[in-house]
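Take this structure first; my questions come after.
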Amino acid sequence: MRKRLFIGGLAAAAAFALAMVGMAVSATKGATPLPASSCSALQGPSSAQFIVATDLPLQGSSRAQTIELTKAVAFELKQAGYRAGNYSVAYQSCDDSTAQAGKWDAAKCSANAGNYVRDKSVIGVIGTFNSGCAEIEVPITNRAGLQMISPANTYIGLTHTPALAGEPQKYYPTGKRTYARVVAADDFQGAADSLELKALHAKSVYVLNDKEAYGFGVASAVQNVIKGGKLGLKVAGFQAWDPKASSYQDIATKIKASGADAVFLGGLECENGGKLIKDLRAGLGANFLIEAPDGFSSFTSTIKDAGSASNGMYISIAGEPYQFLNSAGKAFAKAFGKTVGLAAAKVNPYSNYGATAAQVMLKAIAGSGGTRSGVSKGVYNHSFTNTPIGNFALNANGDTNAGVISFYHVKGSQAPFLKVISPPASLVALAKP
Amino acid sequence: MVTEARTEQLPIRRFAAINPIPLIGLSLVGLLIVWLAINLEKTPDQFLSAFLIGITTGSVYGLVALGYTLVYGILELINFAHGDVFMLGGMICITLISEVFNLHAGQAAYVVWPAILGTLAIAMVGCGLINATVERIAYRPLRGAPRLVPLITAIAASFILQNIALATKGPNFVPLNTGSSGAADFLPQGNVFTFGHGDQAGRYTWASLIVVLLTVPVLTALLWLVQRTRQGKAMRATAQDREAAAMMGINVNRTISFTFVLAGSLAGAAGLIYAVYFTSVRFDQGFQLGLIAFTAAVLGGIGNLPGAVFGAMLIGMIQSFNNTLSWHAPGSDWTQSIVFGILILILVFRPEGLLGERTPEGG
Amino acid sequence: MDALLTAVALRKEFGGLVAVNDVDFTVPRSAIVSLIGPNGAGKTTFFNMLTGVYKPTAGAVIFDGENVTGKPPHAITNRGIGRTFQNIRLFKEMTSLENVLVGMHGHLKGGIVRTILRTPGLRREEREAREFARHLLQFSGLRGRDDRLAASLPYGDQRRLEVARALATKPKLLLLDEPTAGMNPQETAEFTAFVSKLRTEQKLTILLIEHDMRVVMGVSDRVTVLDYGERIAEGTPKEVQHDPRVIEAYLGTAAVPT
Amino acid sequence: MSEPLYPGAKVRDALRDSWKVWRHKWAILGRVGLTEERWRAWPLVVRRVVIAALVGAILLLIIGPFSGVDASALVTYAVFVALYVPSWKRLGRSGRWVIPLAFLLLAVTFPYYTDKMFTIPVLGAFPSTSTAVVMLIYVMMGVGLNIVVGYAGLLDLGYVAFYAIGAYTCASLASPQFGKTTRSFGAVDVVKGIGGIHISIWLLLVLAGILTSLLGMLIGLPTLRLRGDYLAIVTLGFGEILPQIARNGDNFFNTGINVTNGPQGITPIDGIGFGHTLHSAVGLPANYLTAANSDRLFFWTAIVLVLFTIFCSLRLRDSRLGRAWVAIREDETAAAAMGVPLMRTKTLSYAIGAFFGGVAGAYFAEFTTGANPDSFSFNFSVFVLVAVILGGMGNVWGVLVGAAFLAYLDQAGLADTGAWLNTHLHINIDVPKYEFGIYGVILLIVMLFRPHGLIPEARHKLEFEQGVADEPLYDVSH
């Protein structure tokens, strides 16, 4: 009996010893890829020192845009030969959405951020797409000094102008900024959207939002600018639409009763935006002024879901259309469009932002000295010229000085470009709560 | 040890002590009426719009609620999957209308109506079969099991049906072509009547009326079926006492299957109406709407057919008034909470529903 | 002999149906009283009102000098009324011992904190409870079946276990609802003896619903007869046996119990 | 055997009977000369060696072709043999602790070896430490829900409500959420001058538990007298209302009162840790979020929480209260007639189940550094319920395995499986997309074929062994 126990004990001890040996023998060569459960396979040299990851929602109705965006980043890295100065850099595309939700998911964002922080090969992250997701990821990556550059986040409080208590410092527990964005924040869009409403002879605007971080933010920005009183507009009402509702006739009735002559849809098209537009059209008439921000900028989805009801609505997007791009931007759109099989003018504006974010990131890595904190040094208070979105500078908060918003006007099954607006600073300042 | 005094004066009277619950209920209803009256006075057009929207939504809820009530009446089972059967019905209809029959605006009535009736027939048969299959697989093998077991498989069935829709139709809203009334563009788009004037004018479209007009004959036919026909008698007998019904020579399994087919085809009909009137369906909408319909069924007294429709109308109205009215309405942010709040209050304080009768406890 | 339990004008209506119609009823201390009547006479409904399962529509139940009308079942049990059920209602997935321990619930004290800390006092209480439970099982003739699942016991043993479980509530009054239903004559005889033993050894008062007239006549001190929810007779077994209304009631029904 | 009712019946019966191969193993083995008597005549150790060898052979057949047998697989097998073959129990009192302690040791050292382990066929790599943290949190929730569903038999479809309350308690009291007041109590590394209430997360874990159990009682009192299915639907209702309150709680009925931050959710939450004083004095981690081995700290803390949950759960099961719960589950009327106060006992099960849900929610919020209204959907309630049912209602160990497995599937397993299927079968299916459909199938199969779960509670097992299982699964004629 005793002897058998002894043998057993010996076996157990041997097992643990083996385990320890196994642990000791772990060869590391090149970058450690991020887990396959949320990220794509490594693109670029497998012996690369560093990884740049994109963090985007690859499922749901923004899929078309985000997939193209990942391709733009990959394109940019490939153009650079997967090198940033003296460092070789590989690329992985990570997904922060779940198919069930069809959009970004809080737990997924947090898990992804944890993965980036832990994987010491990750030197920078391009993302996120949704501001709500950024609110979760930025504090986590900040603690590890990991720089993020977003091509799409527009929520103001992430970088400046507190909308909520503790913003934006609460996103930077280390006190050092590690997040920047190459896209103009909602205050620009809110000001431009209000200006455009004014230009379209609206007098009283009903502001809707989808009760999402992004939609609520941009809707609030519009509301605040209008309430600022400089434009002579007024807010007829401010309310949320429920993405799960079967009909929005009730909202249409309310808007009609409020005497509004325009409606602003602050939110995402995938939150039942198609049905919302349909019911608004039905209740308010074919000529009623409907304006939506870049949450509706996937024109194909918007037009498909809303059908003929989308006809005549205005959609704003941060950034410039193809014809307004400088030569670098046009060159990018042509070259990139060729690789993904799109005409240059059809390249989604977000692809330009993605490529720009990638260029900023590569430039920062080149001068980083190979450390995460080194990357951040190359981002703030720097100017960037001849990027796919033109020339711009990032200030100490990580905000861009290029606040151009372009407008599109849906006609039939097309959404041709209408104009660009660069809102004056006095109006932008009104957007804060 | 024995207190004689207390034995002397026995409380031999009815235990009809003052019950605060009906009082609270009545005062709540009173407040509701006052609130509605003030809104009516302030914004009559808005009130009328809300009322008309409520009737239309209520009709759709009614058709779904009938399915819940039928199944609950016979099996005492909350068929969670019912809402998803309804959603599949909507999907089937949208697919048929836009891809098979290819209906669009400007087609003649003799093209549109046969196609719609054909779609209705296919959806009803399809959903009936789906519902019966669910019963066969998920409920029948568990008959006699503790009550909670089929409830759990009902949730399982609901998830499976949702995923079938997800796999075939994807995660986004599946839309139908629409016209200027917001309803399907091949339906008549004109107004039955308009009210109010100027910018505030409201209107009632033919499409809305058709929804209500479709519900009425379905309910009448159903009532006739359950109360007048042999099959209906078998259903009622099975609902009363399954064992006794079996002894009387009723094929209990077949009767239950029939009930599920019936409930499913009602869901199919509701699916069609939803498709042509609300014009877009997503894979996960059925569950939510099913819960609302279940609330309606409970509100009217579960197991009671006219009660289900009554409850559905009420829920439709409450939702619509809450969402549409301006004066001190909590607004659509709280609709879901209000509906579930009603469900909880009714279940806790009046589980037999508004139209139901108290049944012998444990009888 | 004072009354342990008195029911005064007890009444129960289900919807419009009167199941028990203003029945007066008394169980004297240390007596064995039987309640008989044809099927559907309202006996079990009456029982359920005594034990708090149903709230009476009207009337009162006085137990041991206290008005217990409308009190919840556990409160009535803890005041000293133990019961068995017509269709055996054991906790089938628990062992015999655990079944009996559930019966002792009201007499044990362990709360959440003490349970999690498992204090010495609680251990002692638990040990004593188990001892007492074993003793009860033995008394009820279930020695050696402590750890059998209730569902796996033979029918007669299940009946005994129900009684043991009811005894665990430390009752003053024991209500037995058709305890010999489904038993063969030998088991019935054994059970009758067991009931008598309960009175003599446990000093219990017993109220019995019973169909088997031999049991009723064999052990009862008093018999009450219910028909259509009304009390139609009351007296000693002899008196009741010869009451014309009782004979009519029983002959009038198709299934005359033997 | 009666006539098959429909074509699928035969398949179903065959599936249902498949485990009988195991029942009739002796009849089968007897053909090749190995009778039960002969087998039993062998010494215990020999028998165990044979079984261990069989297990090894089966594993080799499974793992070999898929991922190849490497050192880690051999070590795993060695550990299994070392634990299984010697009869540790015969060592007396101390021997009883060998296996539990070995498991504990394996669990605690998990972060050190998980990335060195072999690949599990189809499912992919061993869970990473951060995945393991989530698994442990789900285990905690599963064990908590098991007290309500498994012990007391009350179907709770709104468990997510408790989880949400826990998360929001933690999030709002350890973040800049209430920026107008500045209170700090034991919190670590609060950003200077940021405002808000900052209470130590350790305290908040307890507070979240207490608050949720109070809320559990509040919900329980009016509703617990309802019948089982009505109770289920009422809890579902609460589970739907609470997220809406979270979503609209930034501006209650236009009063401007902001409690939950509405759709934005509350983020980030302060760090959890022992502070810098304790760090420099005893070396305890100052702040998990900034520590180099952040994940491991979260993991070990989660292990402590899970152990506490299991400990309480087991103690309660074997107590007066536990017996009362099972009695209520089996027969409410009889339980009441035996002196069990129904309302109080049920409410207690609710409160205790809620307590663990709340603590788990708070810890999860801390781990993900945020509380977001989108996380609290009905699906989550069902997820935890599936974990309880899959493992075996009432059985703590079963629930532990069920919840851990399901959480692994949710976090990584399904995605890995999908990737494996797509590469090897040359298809293109997004497997995680159908996560809840897969859970639906699991629920259905478990309920139809193994209603007591994969690892039934000891008493159910007893029943199976006594042959009751040959009869219909449920006794129709009570």
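When the chains are written out, they are named A, B, C and D in that same order, and each has its own residue count from 1.
The criterion applied here is as follows: contacts are C-beta pairs under 8 Å (C-beta built on N, C-alpha and C of every residue); 3 or more make two chains touch, one makes a residue touch a chain.
Not measured: the values here are computed from a predicted model.
**Q** Relative to the centroid of every protein C-alpha atom displayed, which chain's own C-alpha centroid is closest?
**A** Checking distances from each chain centre to the full centroid gives D.
**Q** Can you name the chain that lies farthest from subunit B, using the mean of each chain's Cα atoms as its centre?
**A** C
**Q** Which pair wins on C-beta contacts, A-D or A-B?
**A** Pair with more contacting C-beta pairs, A-D versus A-B: A-D.
**Q** Find the geometric centre of each of subunit A and subunit C from their Cα atoms only, then give the gap between the two centres in Å, rounded to an integer.
**A** Comparing mean C-alpha positions, subunit C is 72 Å from subunit A.
**Q** Indicate the whole-number Å distance between the mean C-alpha point of subunit A and the mean C-alpha point of subunit D.
**A** Chain centres of subunit A and subunit D, defined by C-alpha means, are spaced 35 Å apart.
**Q** List the centre-to-centre spacing of subunit B and subunit C in whole Å, with centres computed as mean CA coordinates.
**A** Chain centres of subunit B and subunit C, defined by C-alpha means, are spaced 46 Å apart.
**Q** Measuring centre to centre with CA averages, how many angstrom lie between subunit A and subunit B?
**A** Comparing mean C-alpha positions, subunit B is 40 Å from subunit A.
**Q** Give me the residues of subunit B that touch two or more other chains.
**A** Answer for subunit B, listing residues that touch two or more other chains: 166, 171, 333, 336.
**Q** So which bits of subunit D are touching at least two other chains?
**A** Where subunit D meets two or more other chains at a single residue, that happens at 247-248, 433, 436.
**Q** Enumerate the residues of subunit A that touch no fewer than two other chains.
**A** If we look for residues of subunit A contacting two or more partner chains, we find 59, 99, 211.
**Q** Show which residues of subunit B lie in contact with subunit D when the two form their complex.
**A** 76-78, 136-138, 140-149, 151-153, 155-160, 162-164, 166-167, 171, 253, 287, 291, 294, 330, 333-334, 336-337, 340-341, 343-344, 347-348, 351
**Q** Considering only the defined contacts, which subunit D positions touch subunit C in the complex?
**A** Counting only subunit D, the residues touching subunit C are 311-312, 315-316, 319-321, 323-324, 326-327, 330-331, 333-343, 348, 352, 459-460, 462-463, 466, 468, 478.
**Q** Which part of subunit C faces subunit D closely enough to touch in the complex?
**A** Touch list, subunit C to subunit D: 51-53, 72-75, 77-78, 83, 85, 87, 89-95, 98, 101-103, 105-108, 110, 112, 115-116, 118, 126, 149, 151-152, 165-166, 168-169.
**Q** Please give the residue numbers of subunit A that touch subunit B in the complex, ascending.
**A** Its residues touching subunit B are 59-61, 99, 102, 211, 239-242, 244-247, 249-251, 253-254, 256-259, 270, 272, 274-275, 278-279, 281-283, 286, 301, 304-309.
**Q** Any idea which subunit D residues touch subunit B in the complex?
**A** 5-6, 8, 12, 153, 155, 157, 222-223, 226-230, 232-234, 236-238, 240-241, 244-245, 247-248, 253, 378, 382, 385, 389, 433-434, 436-444, 447-448, 451, 472-476
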